[in-house]
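In order of appearance the chains are A, B, C and D, and numbering begins at 1 in each one.
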């Protein structure tokens, strides 16, 4: 079972919270070959969502073009210090990952 | 000039310089013995590469600024070792020259041993205008032939410079591609073509 | 022989004519950078600030630092002194290389961490040195540890203790190492890194002898390399430079590498370390 | 997404019912996002097909979209692209890389409180235009710029 660390930051400045999500994920295109010349099967995040206090605020649908170990920058309004931000993702192979953080001053 | 007299010339130059060695020689000696201990053979990059040859030793001991009289004698000596093609034809195929100029492969511990290797030219020089990813360690060679004239003398200079850049500037940053056997006669001719041929994009 | 001398004379004359026209390509005045380099740096800095995958390795390294590990089942946080006391990581990275009396050697951060893993946790040096740098789907433990330790010095000033005579001596040796030409191509570090405003292909080449050049050479390490998506340390950078210099391979965590890192890092003393980097 | 559509989504809830609506032509797929990763859009092999499958074939150029990407990228494997839409009622931002094998790189749907301001890093197989498509008030808008991908040097 692979492990997929994730780091999330949510920084509040004025009334806008900047969310950074860094996800450990190979984002394999399915076009690369390994050293033995065998095609590496595609594995990439298809859906990534952001929740604020349990409510979905952003849903991203993604393709293989997103870089390995992807980094996302989102902005939301209406979050307060201490609010909970959760990021969930699921890839084309059914693997899932999730991480959470609280909103801190930016 | 034969090999023995070439070596004795180097030895004489070295002796002159050693006599003038200054205080940091101690750190250099320490650095040398440290490196001899710390480097190991990997792939084709054998551990003995860490030893300096005569010319390197002179440049290392003079901060790449040998006294002019020594430099001039040794440059002439290096030039004397340049082997010009027997057929006297120096202008090769510029298209093949462009490929050689593009390739930076050769002599590292991850490169397959043996020839041919690349010329590494674009790593340091601007050459054909189409290639915008070029280095600036050396001067721009764009329009080289156009600016200098595609004369027999200039072709000879270019061939000799690529064969052994130290023939003209003893401590030049440029490798001695022919002298060390990195580039073949044909490859150097093709590079001369790239720089000198009026049809080469370099001179358009 | 006669022919050669004649040729030499002709060539010498031709060359003088030629060198008068030799101008640097894309004429970049010393200390300035071309537009492409500036564009690269702008977006690299932006990415470092807006989210660096290196942080994933920092997370991993923190776990390794705090957990009891190795044959002796000891945590580094409870046993390893990076120069500021056992377990202290804040500010340690920017004050290395330094002299460690317990080892009797000047050590850079990675070398010190490896020393701790061997001496305190009981790992075998040869095992750690077998595959010391990251590759496809593989990151050595010590790389993550260096990443964690380095991140705890972000926004602090480099302060290699040059007043320590041990460190000063290694610094002076390092200065000789960067100037040493050898190998089939006659290259030294300084062949590429000894002047301002130079590039290999599109890569800017910092001048290691100047504070600004040394700074740009030490900033961004350890760094996440976009090519191959791997986390690499400054030790790796040194080793790979020697590869491209056509030198033999330097032994992992050796004196020579420490000497180089001492020279470069101390030349950047007084300047701010910006934390984990992103590299091409 | 307009209010009516959102209400329909809320009330119908399930993907099956939604798909039925799409098929029956009652609802155009422009708003049918939630939960459905659109295979036809993501597997489109050229820009025109991708735009059509996104229901954005009629997208008009807009100066109110701020698309930021390097003019020349250091590494085609990691090109930072960000899009800010200043068009009112923006509900979705899609990013496409014209010369990639599959141009559509990602779509971002803003719901409660998210601002139309996203940053992501993308692979470029070669020098290419990158296009931002913004959906707002039932219409599609776009802007694009070129990113040059360079040959590599000795690295880092």
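The working rule: contacts are C-beta pairs under 8 Å (C-beta built on N, C-alpha and C of every residue); 3 or more make two chains touch, one makes a residue touch a chain.
Treat the numbers as computed from the prediction; the structure is a model and nothing was measured.
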| item | value |
| --- | --- |
| Neighbouring chains shared between chain A and chain D, ordered by label | C |
| Most centrally placed chain - per-chain CA mean versus overall CA mean | C |
| Chain C-chain D separation of Cα centroids, rounded to whole Å | 40 |
| Centre-to-centre distance between chain C and chain B (centres being mean Cα positions), rounded to whole Å | 27 |
| Inter-chain centre distance, chain A versus chain C - centres from mean C-alpha coordinates, in Å | 31 |
| Whole-Å separation of chain centres (CA-atom averages), chain A against chain B | 51 |
| Set of chain C residues in contact with two or more other chains | 47, 50, 199-203, 226, 229, 244 |
| In chain A, residues with contacts to at least two other chains | 67-68, 71-73 |
| Interface hub residues of chain D, defined as touching at least two other chains | 77-78, 119, 121, 150-154 |
| Interface residues, chain C side, partner chain A - complex | 47, 50-53, 55-56, 59-60, 224, 226, 229 |
| Complex contact set, residues of chain C against chain B | 1, 4-5, 7-8, 10-12, 14-15, 17-18, 21-26, 28, 169, 172-177, 179-188, 191-192, 197-203, 205, 242-244, 246-251, 254-257, 259 |
| Chain A residues within the chain C interface of the complex | 5-7, 9, 20-22, 24, 26, 67-69, 71-73 |
| Residue ranges of chain B in contact with chain C within the complex | 1, 24, 27-28, 30-32, 34-35, 37-42, 45-53, 55-56, 59-60, 63-64, 76, 79-80, 107-110, 122-126, 133-137, 139-140, 142, 147-148, 153-154, 156-157, 160-161, 166-168, 173, 175-176, 180, 182 |
| In the complex, chain C residues that touch chain D | 36, 39-40, 42-44, 46-47, 50, 199-203, 223, 225-227, 229, 232, 237, 240, 244, 278-280 |
